[in-house]
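In what comes next, chain A is part of two complexes: it sits with chain B in the first one and with chain C in the second one.
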Partner chain A sequence: MERTEAFRPSLWARLRTWVGKGEIRPGLLAFLLVLPAILFLLAIIAYPILYALWLSLHEVTLKGLAKGELPFVGLKNYSIIFRDPVFWRSMLHSAEFVGTTVALEVTLGLSIALIINDARARAFGTLNKALMLLPWAVPPIANGLMWFYIYNPSFGYLNVILYKLGLIDQFMQFAGNPKLALFSVVVAFMWRVTPFSVLLFHAALQGIPEDLYDAAKVDGAGALARFRFITFPLIRSTLAIVLVLRTAFAFMVFDEIFAITAGGPGDRTWVASWYTYQHAFSYLEIGVGAAAAYMMALVIAIITVTYVLVVYRRVEYA
Partner chain B sequence: MARTVRRRLRLDSIAISLANVLVTLFILGPVFLLFLGAIQTEKSLVEDYMRLIPTQVTLQNFEVILLGREDILHDTGFYHLPRIIFEFKRVFLNSLIIATTTTVLNLLVGSMAAYAIARLRQRWTQGFMYTNLASRMVPLMVLMVPLFVTLRTLKLLNTLVGVIITLTGFLLPYTIWILQSFFASLPEELEDAARIDGCTRFGSFLRVVLPLSAPGMGAAGVIVFILSWNEFLIPFIVNTKAEVYPVPVLIATLVTDYHVYYSLVCACILMGLLPSVALALLLQRYVTRGLLAGALKG
Partner chain C sequence: MSGPKVTRRQFLKMAGVTAGGLAASGLLASCGPQATPTPAPPTPAPAVPTPTPVPAGPAWSTAPSVAKPDKVYWVYWPWGKTEDEVAAQFEADWGLPVEKVAEPNVEQVYAKVNTLYAAGEQMDVIKTLTPWIGEWIDNEVIQPLDGLPGVDEYWNDMNELCRQTVKLDGKIWGLPYYQSFHIGAYFQDHFEKAGITEPPKTYEELVDVCLKLKKDGISEYPILWMAGQGAEHLTFQFYQLVWNWGGTVFDKDANPTLGPGSKAREALAWWAKTFQEWKITAPESLELRYIPACKAFWTGKYTFHFFPHHYYMSLLNSEAESPIKGRVKQMMCFGDGRTMGWTEIFTLGSTAKSKEWAWMLLQAAGGKTKDGNYTAAMKYGIGAMLGSGFNSVNRHPAIREAWKKWTDVDLNLKQWEKATVKFIVVPAMMKPWHQKWQDAAQVSIANCLAGKITADQACDEMIAKHKEVAG
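After this line comes the complex of A and B, so read on.
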C-alpha cells in the first residue's frame, strides 16, 4: 500500500500537468480569459442599463431610497419629460450643437489633415503633427474652464484681442449672450476634439499611393480635380467612421457645458445630458433622470448601430 | 514658362507654410493664454488686462498651490480664495492612484479578453466582440444614474475604489478593442512555432504574444491612463468630499459666483492638464497608433 502511494504524483504535480502540459480546450480557455472582462461589463454597463430602465418606471427619491420605498409609477416619468417643453428644447439644442460641431469639425479636420500632410509644409508640418495630440489630451473640464476664462466679459483675452484688432468697440458677453452661448461651447469643444478627426484623416491620406497623384498630374488634373477623383473616394470610409463617431460623442457633451455656461443663459445651452444631469442629480428626481437618460440612450443606440455597420462594412472590402 | 511655374510653386509652398502656422496658433493659442494668466498677479490680470504680455512675470501662484504660501497673496479680503486649493497635492495623489490602478486593471483584464477574441475564435467570442464594440458607445450619463444608486447601496460613495471600479468597467471595451487589433496583427506562425516547441496555448500567450505586443500594451495603457486622469463626471457624482477628489473635480469647484483669483485658477488648470498633455506628447507614437486601432479595425 505504501509503495503505490509513493508512486502517486503529488497534487501540485497533477495540477501542473493539467494546467501546464495537458491542453485546456480552446473553448474553455477562451471562456476563462474573457470571464473577468464579462464580469466588469455586466456590473458597470449591462446591469446599470437594465437598472436604469427599472428606475425610470419608479418614483425614486433619496428619502425613498433610504427607506427602501420606491413605488411603481408606470410610464409617469416618461410622460413628465414628454410634456416638459424644456426637454424638447434640450433635445433641439443638442441637435443644434451636434449639427454645428460635426459639420465644422469634419471640414476643419480634413483641411488641417491636408495642410499638415502637404510635402511643401516641411518643418511646419512635422511640428504640427507632433503637436496634434495636445488638445486631445487636455481634460475636458480643464478645457471648459480655460475657455470660460478666455470668454470672460470684463478682462478675457478674446475681448482684448478682438478690441485690439478693432473688431468690437466695447467688451461683450460670449458665454452669457443668448445668441452666442451655444456657439461658444461649440468652439471650445471643437478645439479639443478636432485633432482626433485630423489623426484619422491624416492616416487615411498617408495610405493613398503617391503615384496615383503623379499619374493624374500627367493627365493634366488640377488640384481640385485630384481631390475630387482621388483623395475623396479613397478617404470616404474614414469619413463615414468619423461622422458617426463624432456625432455620438458630440451628443454626449457634458464637461464643457458644465464649465462654460452651466446650461445658461436661461435654458439656452441645456442639452440632452445636461437635462438628465439636472433632473437626476440637482433636483434628485432620479426616476425622471433615468427616463431622460433612456431617451438619450435610444438616440445613441441608433447612431451605434450605424457605427457597427460602417466599421464592419469597411473590413469586408479592405 | 519655366520661371512662372517655379514662381507658382514657391507661392504655393509659402501659402502652405502660412496655413501651417495658423494651425500651430490654433493648437497652442488657448493654452498659451492660460499660461499667460497663470504667470501674473491677480492685480495685473484684472486691472492691466489690455496688456497681453504681463509686465511682471511671477511664479507666486504656483508657490501658493504647491507650497501653501498663502501669505504672499494680496487683496485676500477682496477676492474669494477657495480653500480647496491647498488640498492640491493630496488631490493630485488621488488622481495618480485612480489613473494608475485603472490602467493596470484594464491591461490585465483587457489583454486576456482581447487574446481570446483575436486568437481562440469561438462562435460566441464573435458575438462578444460585437457587444463590446456597442458597449463603447453607451453614454456615461446613462450609466451614472443607476450606478449612483448602486454605489450608494454598497456604501462605495466617497471612496477611490468606487471610482476605480466604475472607470475600469467603462474604459474596458475600448482597451479590449485596441488590444485585440494588436494581437490579431501578430503572425500566427510565431505561436505555432512556440507550441511545437512544447508551449501551451496560455503559455504561448504569456511568453510569445504578450512580449511582442509591448507596443500595443503601451498604446492602450497610455490612452487609458490619460482618459482616467481626465475623467470628471464619474468622480464628480460619486465623490462629494475633498479628500477623495481627483484633479478635474477640484478645478471644477474653483469657479463660483464669487470673484475668484483667476490667476490662481489658471495655474491650477495648467498643472491639472500638464500630466496628460506631457504623456500624450512624449508617447505620441503609441497614442496615435492606439487611437487609430481604437477607431478603425486592424
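After this line comes the complex of A and C, so read on.
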C-alpha cells in the first residue's frame, strides 16, 4: 500500500510564518521563546525554595523523609528558633559579619577598581585583572583550609611574618581568640571575594566616557569633585548590584567558618548559615534548619529591597 | 603478647575452619539445615533476623547465592590509599564494581550519608563514627548483621572494647574500622633539660613538673591538649579528664552528674586553673585538633600532649615528617590509668540493593578479604598505628614490629587494657540529643577555660542545657 506523507513544516517555521502574517503578537512570541528558560528556572530554583518552605512547616526526620511520613506542625519550627537564644546570637554574628565584609568589600573593591582604571595603570590592565581573578578562582573550602593554616597559632605563616617583623614577641591565636575569631573569618572571606567587586566596579568605570572627566577638568573640578559628581552617580546601579549580591553571599558564608573555626571558639562564629547547617545536618532537625534558612532568606530579601529602594531607584533620576 | 608458634597463615586457616564451623553450627541451631536454605516461615517472629543462606565455605570466600547488584556503594572518609586498595582487591576478587563515595573528612560523611539516605540512594557499606550509630539505628539508616554468615566468627575474635561498641540492644551493627583511646605523651628533650627522669603519675605531679619547666624557661606553656572545637576534641577531652579523675559526666540513665561537689566540677576547675592560674596550658589547645595539633607539637615548644587518638604517636614520631621523631614518648594516663576508648566501625546500609553482597564488601572493609586475611585492618595497623577490634590482628607480630618505631608497644598495650568504651563512660552519647547538648557544652567549657565563667557556672549551664534538650 502506497503511503503519502503530507509536508509538515517545523514548529519554528510555523512560528515565523505566524509572525510574518501577523498571526502571533511579538509579545507572545517573546513569551514563548523564554518559556523554556522560565520552566527550567522554576524547576531548579523555585521548586527547591518551595520545598524548603514546605519542609519548614513539617516535622522532618531522616526516616520520615525516606518514607514520606512528614507530619504537618504549622509554625512550630519557627517558634523553636525564635525561642532559641543561639539563633539570635547567630543572627547577630551574621549581622556583624555582613556589615563588616560588605563595607570593606565596597570600599576596597571601588578603591582597587579606581587604581587599576587609572590611565597610568592601564598598561598593566591584563596582568592586574589576571591577578585579581586568582583569589576568586579559589574554591571556598580550599580558601578556608588555606587560611586555617595561615592562622595556625603554632606554625602559621601569619605568626611567622609578624614575629619576624618584630610586631609580636610570641605566636598568637587568631581563629581561636574570641575577640579575633570572627574578624579572622572576615579577612579570609574578603581575600576570596573582593575581586568580584573590583571586577564589577572596574567594568562600570570603563563605561564612563572620558569626555565627561575632560569637561569637568576644564570647569576646574578636582579629583574629589569628579568622583562625587561624575563617577559616583554613574556607578550607582553597579553599587546597588554589588551591595545586593555581596550582602546575600556574606549571609551565606559557610565554607570558611567550617574550615577555620567550626563555629568556635565557643559559639563566637556561629552565624546564621552555620546554625542552619547544624540543625539540618548535625542534629537532623531538618524542619528547624529549613525554618532558619527561611528566616535568613527573609532578612536578605528585606535588605535587598532596601538597597534597591535607597540606592538603585535614585539612579533612574540621576 | 603471645609469641605464636604457628605462622599467621596457619593461624588464619585454623581460625577460618574453626570459626566457619562455629558459625555454621550457630546458624544451624537458629536457621535450620546448612546445605539447603530453609524457606522463610509463614509467620516469622519479629525479633528473629531473616535467615540467610549459609555458604559452603568460609563467609569471606564464598560467593552469596543471590544475584549480584550492578555495583556496591561504599561511603567513607579515606585513610591514605587503603580504601582504594581494598576496593580494587574486592573488584578483582568478586568482579563486582565498587562505587567509592569518598568524603574528605569525618563530618562530611555524616552529612553525605544523611542526604543519600533521605534521597533513597543505595549505600552498602558506611564508615561510621560511633556517636552517629544511635541516630542511624533510630532512623533505620543502617541494618544489623545478625544472621549473616560468619558474623559469629568475627564476634569471637573481637576484643571487649570492640564488642562494647558493635553490640547494641542485643544486635550486632558492624565490623571494626579501628580502635583508639586517649593517651598522653611527652617531649623527652624537655625532660632531659629539666633533669626530670620519669613522667608524672598524678595531676599534682603534672602541675609541679610544668611549673618547674616554666620557671626554668624550658617551655612557656608545657601542656598542649588536643581540645579544639568540634567532635572528638573539646568535650571528649572533658569526658576523658573527668573519667580519669574518677568521675563521670552522665549516669547510666544519661542524666548529668555535674552537680555541686561532683568530680566533674573538680576536674573542670582544675583544668581551668591550668589555663588561667598556673598558665601551664597553651591557649591554642582550644583551637587545635587532629593533625595540625600534632604538627604544633612538632615545633618542640611544648612538653606534654594529651590527645584522643593513640595512633597519633605515629605522626609525632613520624620518621618522614617529624622534626622531633623518636623523642616523643608515650606515658600512662594519671592515677589508675583509666582512659576512654572506642571503636569506629563499618556498618551495613539499609538501602543496600543486596544485603548479601553488601556483607561481602563489609567483610573486605572491616573483616577478611577473599584470601582469608584481615587485609584492611593490617594495612591500617601497619601503616598508621590504628588499633584493630580483632585480637588476632592486634597480637600479630607484624603489627608489633611496625609500632615499635613509634612508641613503647608494651606500655601502649597496657594503656589499651585500661580503656573503657565511650558509651559506658558517657551513656548519653547514644541519645539523639547528645550532639546538640555537646555543642552547647563546648561553649560552656570553652568559656570556663577562658576564664569567663567558673567551673560551677559551666556545669550549671550544662545541666540546664540537658533539661532543655532531653526534655
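Everything that follows uses one rule, which is that the second predicted complex is superposed on the first by the 241 of 318 C-alpha atoms of A that agree within 3 Å, B and C clash if a C-alpha of one lies under 4 Å from a C-alpha of the other, contacts with A are read in each partner's own complex, and residues count from 1 in each chain.
Here, contacts are C-beta pairs under 8 Å (C-beta built on N, C-alpha and C of every residue); 3 or more make two chains touch, one makes a residue touch a chain.
Note that the coordinates shown come from a computational prediction; the quantities given were computed from them, not determined experimentally.
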First (chain B), second (chain C), both or neither touched by A:Y149: both
Which superposed partner A:L41 touches (first chain B, second chain C, both, neither): first
Partner chain in contact with A:L65 - chain B first, chain C second, else both or neither: both
First, second, both or neither for A:A175, with chain B first and chain C second: second
Which superposed partner A:T306 touches (first chain B, second chain C, both, neither): neither
Of chain C and chain B, partner touching more chain A residues: B
Shared chain A surface residues [contacts with chain B and with chain C]: 65, 148-149, 152, 154-155, 281, 286
Chain A contact footprint on chain B (complex, rising order): 12-13, 16-17, 19-21, 23-24, 26-28, 30-31, 33-34, 36-37, 45-46, 49-50, 52, 108-110, 112-113, 115-117, 120, 122, 125, 128, 130-135, 137-150, 152-153, 165-166, 168-170, 172-173, 176, 200-203, 226, 229-230, 232-233, 237, 247-248, 251-252, 254-255, 262, 265-266, 269, 272-273, 276-277, 279-281, 284, 287-288, 291-292, 295-298
Contact set on chain A toward chain B in their complex: 19-21, 23-24, 26-27, 29-31, 33-34, 36-38, 40-41, 43-45, 47-49, 51-52, 55, 60, 65, 112, 115-116, 118, 120-122, 124-125, 127-128, 130-143, 145-150, 152, 154-155, 157, 160-161, 163-164, 191, 195-196, 199-200, 203, 238, 241, 245, 248, 251-252, 254-255, 258-259, 273, 276-277, 280-281, 286, 289-290, 293-294, 296-297, 300, 303-304, 307-308, 311-312, 314-315, 318
Chain A-facing residues of chain C, complex: 110-111, 114-115, 117-118, 120, 135, 138-141, 220, 228-230, 283-284, 286-288, 292, 295-296, 298-299, 301, 432, 435-436, 439-440, 442-443, 446-447, 450
Footprint of chain C on chain A - complex, ascending: 61-63, 65-66, 86, 148-149, 152-155, 170, 173, 175-176, 178, 261-267, 278, 281-284, 286
